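Scrolling down, you'll hit the structures one after another.
Heads up, the next two complexes both have chain A, just with different partners, chain B and then chain C.
Moving on to the complex of A and B:
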């Protein structure tokens, strides 16, 4: 380096003058990176972050979403604790999640195991299982409305044939939530199957062969070798389906509208009623934040427990 | 570090972001394209009409524009009236509104009193406008806190629509205009045949306003009221309320003569296939009844001698975009809602007359010949004596009643406890609301 030998009195040579701030910014990787992602940052900021922050502010106001709001501090959150309709919606959401997630995960695993083999027409079966996932919720709901119609539905007709009395389904407060579970499992099963199929196909054939040589039956190999190896996929599915079932809305909106008698009013549907039917924007935002916190905590617990379990199995 | 193409790309991306931002800020705050040049005022009218109604309104506006060069009207489709309120509110928040918009009657409370919504109270007083020619319940529905904010755009009401063949098969005489609730209940029971899955009546039991408003008609027939005169307390937990609720319970639970529709409109398909004998419905359903179904229309049965019906009139509302446009909008609206213009509209569409004098027009006989089912509905406008209250808490009152009536219909809740619970919720909403 020449500058090291140059007399200090001569001052720094032009070559070694520190580049200007602008030039340094221009050449820095940070700048290039941010410039590349700036359109995305802008859009997510505008349509994602701004509403999130705005809703947080709203949750401390009494606000009809149009006129200027009135600051009420924690009143909305306090009201949540004493609102029987809200606790009813929490109860319904918890029951739904506790039934839907295990049924969907176990169902997906079994169907995926059935589809993970070389048989004639396997592509057809796989596509058939996946089609409900891409079918619009409204179409699914219309179909189930007719299938489960208490008077004219095919399901009750079939039940009657085998000597079982007609069921109320969406019309019966005791059955409506289970009918929603049935409908949503039908809609989500294909998703779980795809995840499990991918995971099953990454299970090394060597392991199964080794198990077979050690005298393991096909069934035992499935439970003892494959299922433990699927733990990461299961963890992902449980978290994904839990988040989705806590946010259940569309299926309720197009079938029972929260009824009969509030038996299918879940948290997000209650939020919708408060925000867009009663125009209680502040209260609805408080519900949204309460739900957000609940999902955050539940997901954190699932991740922690799930990671420990899947490491323990190996 | 010298790959300058990458740097240029990055810069370009940044520029796109900046442009997007500029475009976003630039468009907000701008008004819809409607200028005032050379003495011509351009106004926009937002509506959700489809099919024949869209064709008719388009033709009428074209006629107006051809003969009124100074006021040019531009039609804007709002994407369907179901979302009209949300769209209007978003427009108000963004500072851009049409000059005239079609709004559901139920949206009145949410819009009335806002600074951009024009108070029409003085305008309708002009004797040439003939405000009192509109039916009184329509005027009530266009009024909130004593001020007029709308001009009736569409009116309907509930009447009894019945399948003549099912009545003949059961050996029953057709409903008359002196039917009582007892006659109605007995006929429904006789029309019911569990083995053939045939029902006497259908009721929308989804717990929404659809459930509530039919019950409201019954409450009024029994001589009851929804809220107290000052609008601060629920008034429906009364002998009349109990009588109406008891009838629902007796028919749906005891007689099992009612098909409970879950809000998906199955009742109309079932009426078409001869599974349901009677409906309480409006003229909007007539066009969906198959031509091979021989149906009749009769006014609703009475309790306490009154055959009260209920209507959900919709309104044209005017928004403030400057004095010139407001004046032009009113001039156009006066023409659009005149007996003559609306009479032509009903002839093209089968909608009901909004003004009483429309039934005196020469074209009215042609209207009745073209839409025979509408005759009773027009007559029935005289049975609509009350309007739902235009208050911000009405949606909550409606939901409280709808949900409880759902419980009664499926046999889950006893009539009196349903009323008590609904009144308690409604009181809470009325006390905290406006």
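Moving on to the complex of A and C:
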């Protein structure tokens, strides 16, 4: 980068004087560059960077979000370690993530493999799988409230028809979290399918033909040839779905509100309750930072393990 | 991208297995036995929403449930009359419209500058931008609320617009697309004396149609789907967006399922119609960016 001072005049210098073409280019790029990025830098600074620092400060304060806060040092973080309601929310979030992510990844892999063929009506099948992706979380949750209604829901009616007793679903502490998994898998399956279908397009047909000539059955070729080639898509999906399931909130808010008896209180729902029902802004910020760190660590581990696995296969 | 399986098979000389394949074509593929039940299961929540939306409350309280005997169109009118539904629709349109246009302008200009211009401070500005990408929204939620409050925007549509005018993700995505364009394009124009803005507007932007469509769809979906932020930033029913309005509507009509399903159906209709019309663009946008 040149250290020369820029000419003070902003207008283009007359061509015949030409102080130096390089200098002019440097000046015009600096001017144009900052003109292009300054609105973005201001906005991202104000709504991206300032809040990150501010939330960090808040996490060391007792703050009701109305009156000025009081510095309490590490008290909020200490409280996190001894708060049974918080550890309950962590447990629920971990259980949810551990069930949701594998079900969603394997489910979308199989469905994508099913949809990756040219047969009559394939567009209809694809649309049926994709529509839930654009259905909003609140609408999804409202529909599932109705489908899974213990008294009049159509799912219980179907279960009764095959001789299974009616279930409580969202109202049964033992089933509520699984019902949430079911609902969110419905909402996210199409997303995974879109990612896998895009990745499957790049699997070369020659490779599969070669496998077939070597006497490999189609089923074996799928698991031995295609699935390993889909490793980058799988890694991406595992990471992305994990990040999103650790941040689960909307669907809980609309269906169970964390109940019954705390069985679906996940971390972000607990954060929301602390911040906006109990007005513990400082404690809520500590929860947010703990979540942030957990996401960073988990993502780093997944990346590392994922890379090692895909290198080991080569 | 041309798919190898699409290659026309007509020009190949007929062989025995081709003949058997032609015979196959008249028999339905066995995959339908798996695909049909799968798609019916995926569609059940939506179909049942539509069925309930045109039922009477009495019909919805039958167990086991039955199909409605007549279509109760009045449910839709009742939703419209009994809630600020029109406000929610207009608010969502305003917020997503403004946010969409501002993102298209700001993300593409900043993305271009970060991709192509070498200037003092661009490196550090880009690094800071990237760090904000990793931060979950819950971390910035409370301070953002306090900032918006200090602007006097709480319970105004501005609270939903201003913090979303530009997204770090959008800038990053557009930068990647600009990096993928061959630099010779603009160098030729620059030598001919075009300004940076001229090059950007006249030469590069016309090439960025598909990325801009992707950005538009992702921005629209994220605003459309946003819930936590409107929930804490907006209180008055007439200032709510569709998602938030629908959730309060559910709180107010807990067991009136036909009314609730009519509201849910009406709230999803715009985006579902848009999706059916532009399915390919939607799917490509999600596939290329990996964002729901």
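The working rule: the second predicted complex is superposed on the first by the 280 of 314 C-alpha atoms of A that agree within 3 Å, B and C clash if a C-alpha of one lies under 4 Å from a C-alpha of the other, contacts with A are read in each partner's own complex, and residues count from 1 in each chain.
By our rule, a residue touches a chain if its C-beta (ideal position, glycine included) is under 8 Å from a C-beta of that chain, and two chains touch if they have at least 3 such contacts.
Worth saying up front: this structure is predicted, and the values here are computed from it rather than measured.
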Superposed partners chain B and chain C on chain A - clash or fit: clash
Touched partner set for A:258, first chain B, second chain C, both or neither: first
First (chain B), second (chain C), both or neither touched by A:65: both
Partner chain(s) touched by A:173 [first = chain B, second = chain C, both, neither]: first
Which superposed partner A:36 touches (first chain B, second chain C, both, neither): both
First (chain B), second (chain C), both or neither touched by A:46: both
Which of chain B and chain C A:98 touches, first, second, both or neither: neither
Which superposed partner A:273 touches (first chain B, second chain C, both, neither): first
Of chain C and chain B, partner touching more chain A residues: C
First, second, both or neither for A:151, with chain B first and chain C second: both
Chain B versus chain C as contact partner of A:297, first or second or both or neither: neither
Residues of chain A at both interfaces, chain B in one complex, chain C in the other: 26, 32, 34, 36-37, 39, 41, 43, 46, 65, 142, 145-146, 149, 151-152, 276
In the complex, chain B residues that touch chain A: 1, 6-7, 9-11, 13-14, 16-17, 20-21, 24, 86, 89, 92-93, 110, 114, 197, 199, 205-208, 259-260, 262-264, 266, 270, 275, 392, 395-396, 399, 403-404, 406-407, 410, 412-413
Chain B contact footprint on chain A (complex, rising order): 26-27, 31-32, 34-39, 41-43, 46, 64-67, 142, 145-146, 149-152, 168, 170-173, 255-262, 273, 276-279
Contacting residues of chain A [partner chain C, same complex]: 1, 26, 28-30, 32-34, 36-37, 39-41, 43-52, 54-55, 58, 65, 111, 114-115, 117-122, 124-125, 127-140, 142-147, 149, 151-152, 154, 156-157, 160-161, 186, 188-191, 194-195, 197-198, 201, 204-205, 236, 240, 243-244, 247, 249-250, 253-254, 268, 271-272, 275-276, 281, 284-285, 288-289, 291-292, 295-296
Chain C residues within the chain A interface of the complex: 1, 3-5, 28-29, 31-32, 34-36, 38-40, 42-46, 48-49, 52, 60-65, 106-107, 109-110, 112-114, 117-122, 125, 128-129, 131-132, 134-147, 162-163, 165-166, 168, 171, 195-197, 221, 224-225, 227-228, 231-232, 242-244, 246-247, 250, 257, 260-261, 264, 267-268, 271-272, 274-276, 279, 282-283, 286-288, 290, 292
